[in-house]
Amino acid sequence: MGIADNYSRGRRLLVERPGQALAAVVGVLLVLALFADLAAKLGSGALGVGDVVLLAWRGVVNGLVIGLAGVGLSMTYSILNFANFAHGDYITGGAFVGWAVAWLVAGLGEYDIGSLLSLGLGADVYAPQLGTSIFGAPLALLLGLVAAGVGAIAIALLIDKLVYEPMRGQDGIALLIASIGVAFILRYLIVFVWGTSVTSVADEAGGLRPTVGGVTFSFGYHELTLVVCAVVLMVGVHVLLQRTKLGKAMRAMSDNQDLARVTGIPTERVIKWTWIIGAGLAGVAGYLLILEAGTIAYSRGWILLLLIFAAVILGGIGSVYGAIFGGLVIGLADSMSIIWIPSDFTKAAAFALMILILLFRPSGLFAGRTTA
Amino acid sequence: TGGGGGGSDNGSDGEETTTGTDSGGSGDGTTTGSDSGGSGGSASRSEPIRYGVLLPTTGDLASVGKPIRDAATLVGKQLQNADMGGLSVEYQEEDTQTSPQAGISAANSLVNAGVPGICGPASSGVNIQVSKQVFIPNGVVGCSPSSTAPSVTDLEDDGFIFRTAPSDALQGQVMAQVANENLGSSTAATMYVNNDYGQLLSESFVSAFEEAGGSVNNQVSFEKEQSSYTSKLQSALGDEPDLLIVIGYPASGIQIFKDFYADFDASNFDVLLTDGMKDPAMQKQVGNPMENVTGTAPAPVGPAADAFAQLYQEEYSREPGVFNAHAYDASAVLVLANAMAGENSGEKVAEMMPEVANPEGTEVTVENLAEGVQMAANGEPVMYQGASSPVDFDDAGDMASVSYDVWKFAPDSESGIEVSETIDFEK
Amino acid sequence: MSVRDYLDRLTGTGRADTDAGAPGDGAAGTDLGIVVGLMLAVYVVFVAIGVVLGYDTNGIVNALSQVTFLTAVYALVVLALNLHWGYTGLFNIGVAGFMAVGTYTMAMATAAPDARVPGLGLPIWAGIALGMAAAAVIGLVAALPALRLRADYLAIVTIALAEIIRLTYLSSAVQTFTVFGTQLGTGGGSGIGIEADPDTVVVEFLASVPGLNVLFDAFGSVLSGMGVQQSVINNWYYAFVLLVVVVAYYWLLQRIGHSPFGRVLKSIREDEDVARALGKNTRLFKIKSFMVGCSLMGLAGILWFGSYGFINPNTFLPQVTFFVWIALIIGGAGSNTGGVVGAAMFAAVLFELPRYLASIAGDTGGLPSAPPTFARAVGALFDLEPLAFVAYGIDNIGPLRLVLVGVVLIVLMQRRPEGLLGHRKETAASIGLSRPNRSRETTDATAATDGGEEQ
Amino acid sequence: MDGTPALAVKNLRKTFGGITAVDGTSFAVEAGKMTGLIGPNGAGKSTTFNLITGFNRPDSGQVLLNGDDITGKQPYEIADRGLVRTFQIARELEEMTVLENMMLGPQHQSGESLWRAVTPGVRSSVKRDEEKVLERVWEMLDFFDIAHLAEEYAGNLSGGQRKLLELARALMTDPDILLLDEPFAGVNPSLENRLLEHVHELREQGYTFLLVEHDIDLIMENCSRVLVLHQGKLLADGEPAEIKADERVIEAYLGGEVE
Amino acid sequence: MEAEETRARETLLEVSNLDAGYGDLQILTDLEMTVGRGEYVTIVGPNGAGKSTAMKSVFGLTSHMGGTVTFDGTDITQMVPEEIIHHGLGYVPQNDNVFSSLTVRENLEMGAYILDEVPEDALQAVFDRFPILERRQEQKAGTMSGGQQQMLAMGRALMLEPKLLLLDEPSAGLAPDLVADMFDRIDDINDAGTAILMVEQNAKEALRRCDRGYVLVNGKNGYVGSGRDLLDDEEVRQRFLGG
């Protein structure tokens, strides 16, 4: 889109929707004011560069988790045509399965299997004893990562078979409500098995602490692992959708499901693949989230879900890039808004940002630029 | 007589509680209690002595709540196995989920089931609301083992609310003292869980600390069970205080300390915890030896501390933890008071609470509790001497004298906690 | 015969046998029958189970009052939500947020100025009015931008808004604050007590009304004669009050539904463009519907959570919204009677019954003590001690109950997505729509039947 | 002709992204007449309807209704002034009965005020108004021969019946001008003849019609004037006979087909 | 084409005793229908007669309730569409027949989805037949005009060079010049050897051009005959062709 185009659009906006134009101007001024304030705070020493970098880094790390999980949600949203409220619990489910396997591998022979699989619940086994960090038990962690993806995929496929397959062709709202049922089942089965307590499952791995110009930065090794894995997976999904017919088939399906069948697209297979990619990413995202935070609890995915929705909608449903971009925006907003507002309101700020953006772009930033 | 479920009368209409014979004993679908019909005992009481246990087994306090619950039910278990000459004890449990809302519902269930006295709730946030909304209006005795907020003292409780845990008004002073004298800190920041317990204890520390000449830079509240506390820590530690106070529960503590050791230079700060995080499992979960962490907590230094620890160990094969002794004491006093009251009436039990606990009478401890119950039922004066303290209630239902431990994590010891010093308070 | 068949027969969901009779006569009779019948059935089940397992009178009566209370409060919110979703097609999943605004405003308005969390010290009636107004205003604020969005986006916006509201009440920044020299507060994470808590105040008020108090006393003395606790009796009083409010809500919503106003709402649900093409200012209708629904949710929140005498932000987690939605879906969106039925089915059968059963099962004994963890419970299975596993299940009835809720929801969406009473022909008009008698001529189709005889 | 036209558009323009759907069109519609609007697919006929009725906002140009400028007004305001449309694809309110669909039509019903709808006492006046509306509804249903379907859900109607209901419902608003977008597409020929009879009856009662159709014979036989749109521009405007003979129209639209 | 020749043709599609519908709702009863190799067959009938349903049933898109569909010697009755398409059937539905968010070229490529690679010669053949599609390759299909979309839909169905092409009202909603054009294209396709089974409301034109016609009434077979016979039949004219 050329500059002239943008210009003329801007002028039209001014004429047609003076209210919106005004709001846009206010928005721009607000952003400028925020940056001016940040500069002032940095200048006066109320805030260190190291602090800002730490916040930004945390924002990126969280944003990547949100984005990674968001890609999956976005795909199922656009291809299967419903907002999956159980996505957060696929994340949690994958995380629990993955970490149970990681613990099993790390502690096999030393501790009893039941205690390991229940992540030490009610037993005297703790992450530091098992050394579950990327340096302490790299193989266990790798297998756990794979298990998280595979576990979430298995859960998703089973649920598709039992719940959604008999409902093909029903409208999105019916599916959405069924997905709330799925969310309840998954979340509380996890509680049934693993309880509600917060457990530390990943051991500390330390991190890089470079000092540049007198300011010390901190990048945890687990955070770095997360970033690397997330980026690799995002690129992988991109390549998969670009290079194979699958991507195109998914777009065709999200466009017109009946016609896709008539054209010979094996819709059931595409649906299965959608679940495989979506749930696999969710499971891995959950596993990495836990790796980075160190602790696991039954509600982690659910708590994250609203932020993921915000990211996906902000990016535009159906767009892989939109989900990633949206994830980063939400992650950064959640983390960095603390510079300007009380820390109690950071999450509220992220939601408010989503609502604001929807007012201006009712179908998201990357709307129309669908999968792949 | 069959003093059935005539229930708690607020005294407003002064109805007598003699009710029809049909409601006597048999209808209660309960498992516990030895057969009535007495050998020896002169207690002419056919209904069981009832008490409730209202503690968190899920939610934020789940990990410390379960052992406390076990200590509270230990009284019932102990007495059910004992011969009390026709008297029987029965208890009923509910879970507060560490939430005021759920706590109120759960307390209502207990009250509606006709329980006259209840051990619990654990956390002050829940205790204050449950007391206000359920216990006091329904005339039911509440005796919390672990609610320490100073404001509990000031509840307009009509004499129904007791606790075996000491008030944080005292703990705040102890903390300030430890901060000044043991740790030599002159500046501090507090991070506290966003509820009554955290907020009030933080306030109490701050005023004591500032009175002693220290200064507090930041007071940051946090939500329970978040997946990251880095930004909260950053707000608290922004001004580089000497000391960080963390007031909360283990479930949040795990994450707080993981983030603390991962993202900050821990060697620059001392940390002071309170009773809420006195949980050796937390240190094991965090993985760090947590050597820069000190804590304060009410000390279980009652006359019967050892006897209780032994009994607990026998029943559950583990050592008692924080507030466990207090929970045992609370339940024991409730049972004794009920026995002396002679019926399951909240009002009478409330009246008898100081009677059975405070000086004068035969000394009753963990070891001769069953006898003590019989004596109380016969109207003989008794004086309960507890596992956590001598258990003397003052007029507000608080402990008249208490002691505090100063503790550190000791990963290599068996209990995981090492007490370095005990500070006594006598009001 | 399944419940579904039964309901079908009662309500004539089949499309052949719809009568165009005036709404509110014949149909209302059946509807009342459905609701009363259902409640009686629920009571009978609870009593029967209690009696068979030897529960005491007090316990049974208490369980019934609990069931009645929950059914009533759920019915209130479900009816309000039905206005949004069932009639207007607005996908509001921020219900908890609007209840929070109503309840918090009421709490802040009625709290004493010198309380720990200071308030305005207004009487309860003023508090309720302010609460409803505040919920409506927040509804308006949400509606203005959000109603332009497509249905599922609106859903996300409303749930995000509900979270913003909750997080705001949670913040220690507004724990206490001052406006125009008046101290106010939300209490932050510590929550706020409700000075004038509706159950006490309303029950006390009613007990002082001459005539009513005799009724109340008589009821109370009968129950206490049966060995029922005073607190349980008080719960029953409040439950009666709530039932009266449910009737009022129902009446109001039936009036709205059976009116030209409701007809426009329905047309918006079906196809907004058509309504616009026919000259209806749909935006205004949507805003009105949204505000009325929100304010009814606010009142429902006050009567529900306010009656606990204390609220904190976590009272209003999104979970609450989902429970309300499930109740609505079970009953059938679009039908007010369905809403009440759904509330009863959800609150009584799905929510309370498992808990009740478990508490009885737990009391009855015969079970070994529950293993502390799932792993041990599974271990017990391998040791051929299935009862220990069962005990673990009973010990964890809380989560299992929610699993059951999920299963029911899914089965319902698969088998009967329109709910038990959904898709009934509830004609949106204030009068019966049969052919007026004075109509001049009859068509061929009807001539043979009615027209022929009259001439 | 005599005085202000019932409806006039001036230099109407509308673009979507790069596509110019309506490109500076001007025309007028006479009161009490049936005017045809034809043109190739994508000529901009439906878009013109959307612009006139407020469903789209023109980039430039004006819409005049009885001489008043109604450009950019909301659809409900325009319908309020007596200009009502039907949709190219019949849009029924599927889960409402035929009766409910019809009852929705009249404008400014007193019961559409929330206050009146619920307030005791006031509501009786609402009922009285409803009774009047109901009487007209049944007359209309009889007139359109769909009275036997009155209790049916609109979603259960066949394609032709939907078209009838769409038209009948639009008439319930008591409009002065009706814009019909392909009302007979996909309707079986014999049904089509019946519909046309109704339309002519109405026209004689004083209604004004603007009709979009691809069936050229139908247009030529029923309209007194024909507008031809091509690539968003008005290509021709005249009596049916003139249009049939117009070279440009034949080339752009009719192809070799017309005899 | 001569009627005698038609009868001599080898049968390609055979529908016998077919009962079908949606969910539990039966629409078609005892439907009988055949199409010979290279034959051009038209179905006409009133609205709601079940014409589209018949087409969908052949393509496995309805609930099957009885009877069989045989194509080129294979029983395809119970097959799903993605299998049926492998046997050489192409289908252009009545409406919603392009992927509107995909480009024209992508739409055509989707037509060859079941092949490993896009057959360039088939693509070129479609472009030759519909030159406008070649010029508008990169345009989003949804922004094409109604007539262009019809061509695109047909082009997509031709990508696999089917033996039989099912067309549901290909001329619906088209301007008169395009209608004529459309019929000419269909003739071309048929001349190239592809059998056609077409539903049309533009019945006179369709019957004039086809080899054989079926009149469907109420989900049942009404009349069968060569196109010309049906056109000449007075009853058929009166009842179904608008006189």
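Odds and ends about this structure:
Think of it as A, B, C, D and E in the order they're written, each chain with its own count starting at 1.
To be clear about the criterion, a contact is a pair of C-beta atoms (placed from the backbone, for glycine too) under 8 Å apart; a residue touches a chain by one contact, two chains touch by 3 or more.
In this text, all values refer to a predicted model and were calculated from it rather than measured experimentally.
If each chain is reduced to the average of its C-alpha atoms, the one that sits nearest the average of all protein C-alpha atoms is C.
Farthest from chain D, judged by the mean position of CA atoms in each chain, is B. Work out the mean CA point of chain D and of chain E, and you get 33 Å between them. As a whole-number value, the distance joining the C-alpha centres of chain A and chain B reads 41 Å. For the pair chain B and chain D, the distance between C-alpha centroids works out to 76 Å. For the pair chain A and chain D, the distance between mean C-alpha positions equals 49 Å.
Each of the following residues of chain A touches two or more other chains: 195, 344.
Chain contacts: chain C has residues 170, 172, 398 touching two or more partner chains. For chain D, the set of residues touching two or more other chains is empty. Contact between chains, using the touch rule, shows up for A-B, A-C, A-E, B-C, C-D, D-E.
Considering their complex, residues 58-59, 62-63, 220-221, 225, 227-228, 230-232, 234-235, 238, 251-252, 254-255, 258, 261-265, 281, 284-288 of chain B touch chain A. If you check the complex, the residues on chain A that touch chain B are 51, 54-55, 58, 62, 126-129, 195-200, 203-204, 206-207, 216, 218, 220, 289, 293-295, 297, 299-300, 303-304, 335, 338, 343-344, 346.
Here chain D touches chain C in the complex through residues 53, 55, 74-77, 79-80, 84-87, 91-97, 99-100, 103-105, 107, 109-114, 117-118, 123, 126-127, 130-131, 134-135, 137-139, 142, 145, 147-148, 150-151, 153, 169-170, 173, going by the rule given at the top.
Listed in rising order, the residues of chain C touching chain D in the complex are 15, 18, 20, 252, 255-256, 259-264, 266-267, 269-271, 273-282, 285, 288, 292, 334, 423, 425, 427-431, 433, 435-436, 438-439, 441, 443, 445-446. Put simply, chain E touches chain D in their complex at residues 46-48, 143-148, 169, 172-181, 201, 241-243.
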